[in-house]
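There are two complexes below, and they share chain A, which is joined by chain B in the first and by chain C in the second.
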Partner chain A sequence: MAAGGQLPLRREPAASTAEEVQEIYRWFDLVIAVLLVFLFMALYHIYTMLTVGDWDFWTDWKDNRWWITLTPFLEMPMPAAALYIFWSRFRLPIAGTLLAVSLVLATWLNRYVNMHGWAYFPLNFVWPATLIPCGIVLDCTLALTQSYLLTGIVGGFAWGIIFYLANWPLITPFLQPTDLHGVMASLADLQGYHYIRTGTPEYLRIINRGTLRTFGQEPVYLSLALAGFASVLTYGIGLFIGWAFTKTQFAWFKRV
Partner chain B sequence: METISFVERASRLGQGSSESALSDRQWLRRWIDPKVIVVGSGVVALVMIACRVYQQVYAWTAGIDSTSPEFQAYWMRLLYALFAIEAIAAAASWGAVWMTRPRDFSKLTTAEELRRFGRFVAIIFCYVFAVFWAGSFFAEQDASWHQTVVRDTSFTPSHIILFYFSFPVYIILGITAYLYGMTRLPRFAARHSLPWVIAVAGPFMLLPVVAYNEWAHSFWILEERFTAPVHYWFTFFAWSGFGLGGLLLQACDYLYELVTGKPQTFVGTGGPKEDPALEFEREVA
Partner chain C sequence: MEHRKRAMSAGGMIAALAAVIGAILGAAGSAAAHGERAQEPSLRMLTVQFYDTKWSTDKVPVNGEITVSGRFHVMKNWPLEIYEPGLAYLNVAVPGPVFVRVASSIGEVNGFASVKLELGQEYEYKLVLKGRLPGRYHVHPMLDVQDVGPIVGPGKWVTVEAAPAQARFVDPVTTLTGHTVDLASYGLGWVIKYHLVWLALGLAWLVYWIRKPMLMPRYEAVQSGEADQLITRGDRLAALVVLGASLMVAFGGLAIADSMFPLTIPLQSDWTRAKPLPESSAEISVEPLAATYLVPGRSMQFKLLVTNNSHEAVKLGEFTTANLRFINSAVEAADSAYPAELIAPGGLVIKAGGDEIAPGQTKEVYFEATSPIWETDRLASLVRDPTNRVGGLLMFYDSAGKRSVVEFSHEIIPTFTGPLANAY
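The block that comes next holds the complex of A and B.
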C-alpha cells in the first residue's frame, strides 16, 4: 500500500516528530507480535486437533500411512492463508514458521500439563509432532522465489515430504519390533495396547490393519508422495482463503 | 462546586478529557495501554489457572459419576456459580462500556482518538488471550479427559470449564471490545467492520456448536475419534479468527492516518484510491 506522500492533511497528526512516529509504530508492532502468537496458538491448535488430533495425540496412531499423509496436507491451509496476508501486505515470509512454532508451544503445553499432568499418560506416549522444519522450508521458498506459485509447487511439496523426515528421529524408537504373546508388534502398538482409550476401537479399525504398515517399507514413500501432492493442492485452498480475508479490509457496512 | 452524577462523571472519564494526561507526550511511547493488557490478561490467566487447579483436585475424586452426591456438590454447584459469575461479569463490563460512552465526537482530538484506539487494541489483546485458553488449552484438555473417561453427562469436569466458562469469558471480552470500539471510535461508530464482526461473531458461534455437539454426543457417548465429523463445525468457526487479519489491515490504515494526519492510499494495489473509512467516520461527528 502506498503512503500518503504529498497529500494534504486530513486531520491533526497525533505524532509531532519522526521519532514519535517510529515509537508509536514500534509499540504497535510489539503488541501485535505477541497477540499473533496467542492467536495462532488458539486457531492452529484447535484446527489441528480437530482434523488430525488423534494422530498427534498418541504414538500408536503415528503410523506410516495415515499420519504422514493426513497431517501435512490437512495442516497446510492455515499457514497458507496467513502466508498470503503476511506476504501480500507486509512482505513478511514468516507465516509457516510462526504458525508451526505457535502450534508446538500450544501442543507441548497441553501434553505436559493436561495429557500427562491430568490424564496421567506417559509423555513418551503423547508427545506432539512438529511442523517447524516444514514451515521454515515454506517460508524460505517464498523469500527466495517471491512467487506464490513456485512456493506452492516447491515449498508445498517439500512441506508434505519433510514432515516425516522431521519427525523420523522422534518416532523411530517406537517402531522397534517387540514380541507380544507370540505376535510381533511395534513398541508404539504395545503402548496403545496398555493404555486403552475410548479411541481404541477406531485405532483398531483404521490404523492396526494391513500387512505392510508396521515398520515402514514402501508404503512410506507412497504416502510421502501423496502428502506432497496433496499439500500443493491445499496450499492453493489456503491461499485463496487468505486472499478473501485481505479483501475484507475495505468491507464496512452501515449500522442498521 | 459542580455536582455531577456518577454516570456523568464516568462518562467524562470515558472521554478521557484529562488534558494534563494528554499533554504529557510520554504516553505516546506506550499508547496501547499496557495496564489494560497486564491487568486484563492477568485476571484471565489467574481464573483459568484456578479452574485448572480445581480440576486437578476434584475431577478424579468427585467428577467421575454424575449421579453421585459429591458430583452435585463439587461440579454442579461450580457450574451454577460460574453461570452467575458470567452473568455479573457480562452485565458489569458491557454496562460500564455502554454507560460511560461519550455522546459527542465533534470535539474529539486526534491524540485522544489515538489513546482510545490504543485501549481498543489492548482489549482485543485480552480477548485473544482468552480465546487461547478456550481454543487451545482447555479444548485439548477435553480430549485427554474424554479419551480416558466415558461421559455420563454433558456437564463433565472438562466441559464445565471449557464450554460453560472459558467460552463465555472470551465471548464477554469480545463483545466488550466490540462495544468499546463502537462507542469510542468514530470509524467503528459509523460502520460495522466486516472482518471485526467475523472475528467476534465467529468464535461466539462455537457456543451454538456446543449445543449441536452435545446433542450428537447423546447418540455417540464415546470420543472414539476426536477428528469425528461431529466436531467439524468447531473447525469451521476456528477459521473466523482470521477476521482479525482483515481487522489488522484496517488497524494499520487507521493508525497511519492518526499518526501522520494523512489519508492512506491504495493506488496501484487494486483497492480504492483512498481509505473509505475517512469519509464515513465524519458522519458521526
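The block that comes next holds the complex of A and C.
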C-alpha cells in the first residue's frame, strides 16, 4: 500500500493482447453465469412457491386438471421476460432452459433440506415437477424461428403441452389404485393421508374440481388446450416485462 | 489506516452478529406442543368440544400402532362471528409425519376425505397411527374446519421407541393390481432418474451456448448491428437436434410409463356427510342464567336453570370445555389415563341448588369451577378478547350411570371483587 493509505493506480491496461481480452471475457462469462444461476434459483423458486405452491409440493395435488393447467402458464412470465433480455441484448436463446434448470436445482434443494430434512416428509411425496422440457422447447423455437411472435405462438403453446407430456410419467406410478378400508384411493392420495400435514387438510386440495367433469374421462385434453393458450398469453406478459426492463430498466421503480 | 479501521469495524460487526445468532440458536429449545393454548378462548370453548378421548398406549415402537379415539360435540350455539362449519377433516396435531395415519373414521365414515358436520350433533372418531420416527411427541386429535381453522383436542405425550429390530420404518401398501410397495420410498428411484435425464438435456443445451464466448462479444455484436450473424446454421441444427431429443424423451417417457402402469386412476376427492350419534341430551335442558369469572380466585362461576325431563333423578357430574375437565368427585371419578394436566384439581363444586335434580323438576343450580388452569391454559384471557362468551358441555348422570351430555354457552362478565354467590 502506498504512503498515505492510497491504493496505487495501475498504469497498464488489464489485457494487452486479443487472447488476454478473450480470457477475461471467458472469466466474466463464467462469473456472471454462476451468479445468474443462483439469482434465478432464488427468484424463480420463490415465484414458484407463491404461484404454483401446493400443486408442486405434493403428489396428491398433482391432478390431471389444475396441476397441468396452472403450472405451465403461471411459470411462463419470468422465463419470457428473461428470454427477451437475453435475446435482444445477446442473441442467446437459453433463458427458458437456464431458468428451468435453476428452478429444478432450487426445488430439489428445498425439498431435500427443508421438506425432507426438517419436516420429515418422504422425498417420494414431495418431489417437484420439471420445467426443463418446456424451457428447451421455448429456447429451441426461438433459435429456429428467431421471432418473438412465432416463439410465443408455437413455443408458448408447446410449453403448455409438453409440461404434461414430460411430467405425467413422473406421477403415473403414484396413480395406481388401492383399497383404503373400503374407499378407493391412489397411492398419491394415500401418501397425503399417511404422511400427516397438520397445516394442509384434505379439503384444501384443489384437484379435479370444476365443470370439466362433464367431459367424462377425458378432461386432460381440454386442460392441455387451456394450458397452451394461457401460456401464449402469459408469454406475452412476460415479454412485455422484459421489454420494459430493457427500455426503462425500471427507472420508475428506482425512483419509488 | 482508514481501511484498516473499516475492516476491523466490519469484522467486529460480523463477529457480533454471529454471537447474537449463536446465542439465539443456543437458547432455543424444542417445541413442547402445538400452540393449542394460543388459540382464542372463544374459539376453543364455543365451537367443538372433544370428550371421552382415549389413547390406547403412551409408548409404541417404530412400526407399532396407537389408537386415539373419542367423541366431539359440534356446538349448536356456534358463534355467529365465526364461519359455520362447512367441511371438516379429522387430523392429528403432531410435529409433522412422525407418525403415519393408517386409518381414521369420523361418524362411521372413512376419514380419508373431508366430511360435512351438523351443528348441535355429536360424532365418534377414531385414529390409528403408526410410529415412524423415534421421539416423544404430544399427540392431539384435531379437527380442521373449513373457513375456521384447526380445532385441537386434548394432547398426551406418546413415545415412539426405536427398538433395534424394528427401527427401520416400513409402510407396505398393496395395490388393487396385486403389487405390494413400500410407500415410504416407492417410486423415488424412477423420479430421480427421470429428472436426471431432463437435467442432462437441459445442461447439454446450456453447455452448447456457454462454451462459446457469451456476454461481452455478443453484446458488442448486437450493438453494432451484427445480431443476425450470431445465430449460425450450426446453432439452428443444434436446436433441431435438442428439440427432437426432447420430444423423443417426452413421448418415450409417456409410452414407457403407460406400459409399466396401464391401470391408473385420477386423484380421489369424495366428500361426504358424517353420521352423528343419536341425540342423548333431549331429556335434560339447561338454560344459563349468569356466568362470571372471578379474577382473584381464578374461578368460573355459573348459575343455570336445569330441567330434568327424564324418569330418573340426575346429578351434575362434570363440566368440560376446551379439553379441560372439571369433575364433581361426588358423582364421577376421574379417568386415570386422561392427561393429569387437563383435569382441574379443584374440580366442580356445587354451591347451591342441591346435588340432585328430581324427575320433572326445574331447578336453579349454582356451581363453581375453580382452578389455576384457567390461567395456565390461557382461557382466562377471554376477558381481553372481542368475544366474551363461555361455553362447554355439562354431563349429568342418573343413579344407573346413564349419562346425558348437554351443551351451554353464555355471556360472561369478569369480576374483580367477589364471587357470584355474594349476589345469590
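Rule of thumb we're sticking to: the second predicted complex is superposed on the first by the 214 of 256 C-alpha atoms of A that agree within 3 Å, B and C clash if a C-alpha of one lies under 4 Å from a C-alpha of the other, contacts with A are read in each partner's own complex, and residues count from 1 in each chain.
By definition in this document, contacts are C-beta pairs under 8 Å (C-beta built on N, C-alpha and C of every residue); 3 or more make two chains touch, one makes a residue touch a chain.
From a predicted model like this one, the values you see are computed outputs, not experimental measurements.
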| item | value |
| --- | --- |
| Contacts of A:124 with chain B and chain C, given as first, second, both or neither | second |
| Touched partner set for A:82, first chain B, second chain C, both or neither | first |
| First (chain B), second (chain C), both or neither touched by A:25 | both |
| Which of chain B and chain C A:106 touches, first, second, both or neither | first |
| Chain B versus chain C as contact partner of A:143, first or second or both or neither | second |
| First (chain B), second (chain C), both or neither touched by A:181 | second |
| First, second, both or neither for A:226, with chain B first and chain C second | neither |
| Partner chain in contact with A:153 - chain B first, chain C second, else both or neither | neither |
| Touching partner for A:46 - first (chain B), second (chain C), both, neither | first |
| Overlapping contact positions on chain A, where the chain C interface meets the chain B interface | 1, 5, 25, 28, 32, 89, 119, 121, 197-198, 201-202 |
| Chain B-touching residues of chain A, taken from the complex the two chains share | 1-5, 7-16, 20-21, 23-25, 27-28, 31-32, 34-35, 38-39, 41-43, 45-47, 49-54, 57, 78, 81-82, 85, 89, 106-107, 109-110, 113-115, 117-119, 121, 197-199, 201-202, 241-242, 245-255 |
| Complex contact set, residues of chain C against chain A | 1-3, 34, 86-89, 91-94, 96-103, 110, 112-114, 132-133, 142, 144, 146, 150, 171, 173-177, 179, 181, 183-188, 190-191, 194-195, 198-199, 201-203, 205-206, 209-210, 213-219, 221-222, 227-228, 230-231, 235-236, 238-240, 242-243, 246-247, 249-251, 253-254, 256-258, 260-261, 263-271 |
| Touching residues on chain B, where the partner in the complex is chain A | 25, 28-32, 37, 52, 55-56, 59, 109-111, 113-114, 121-122, 124-125, 128-129, 131-132, 134-137, 139-141, 143-148, 150, 190-195, 198, 222-227, 231-232, 234-235, 238-239, 241-246, 248-250, 252-253, 255-269, 271-272, 276-278, 280 |
| Chain A to chain C touching residues, read off their complex | 1, 5, 22, 25-26, 28-29, 32-33, 60-64, 88-94, 97-98, 100-101, 104, 108, 119-124, 127, 130, 132-133, 135-137, 139-141, 143-144, 146, 162, 165-166, 168-170, 172-191, 193-198, 201-203, 205, 207-209 |
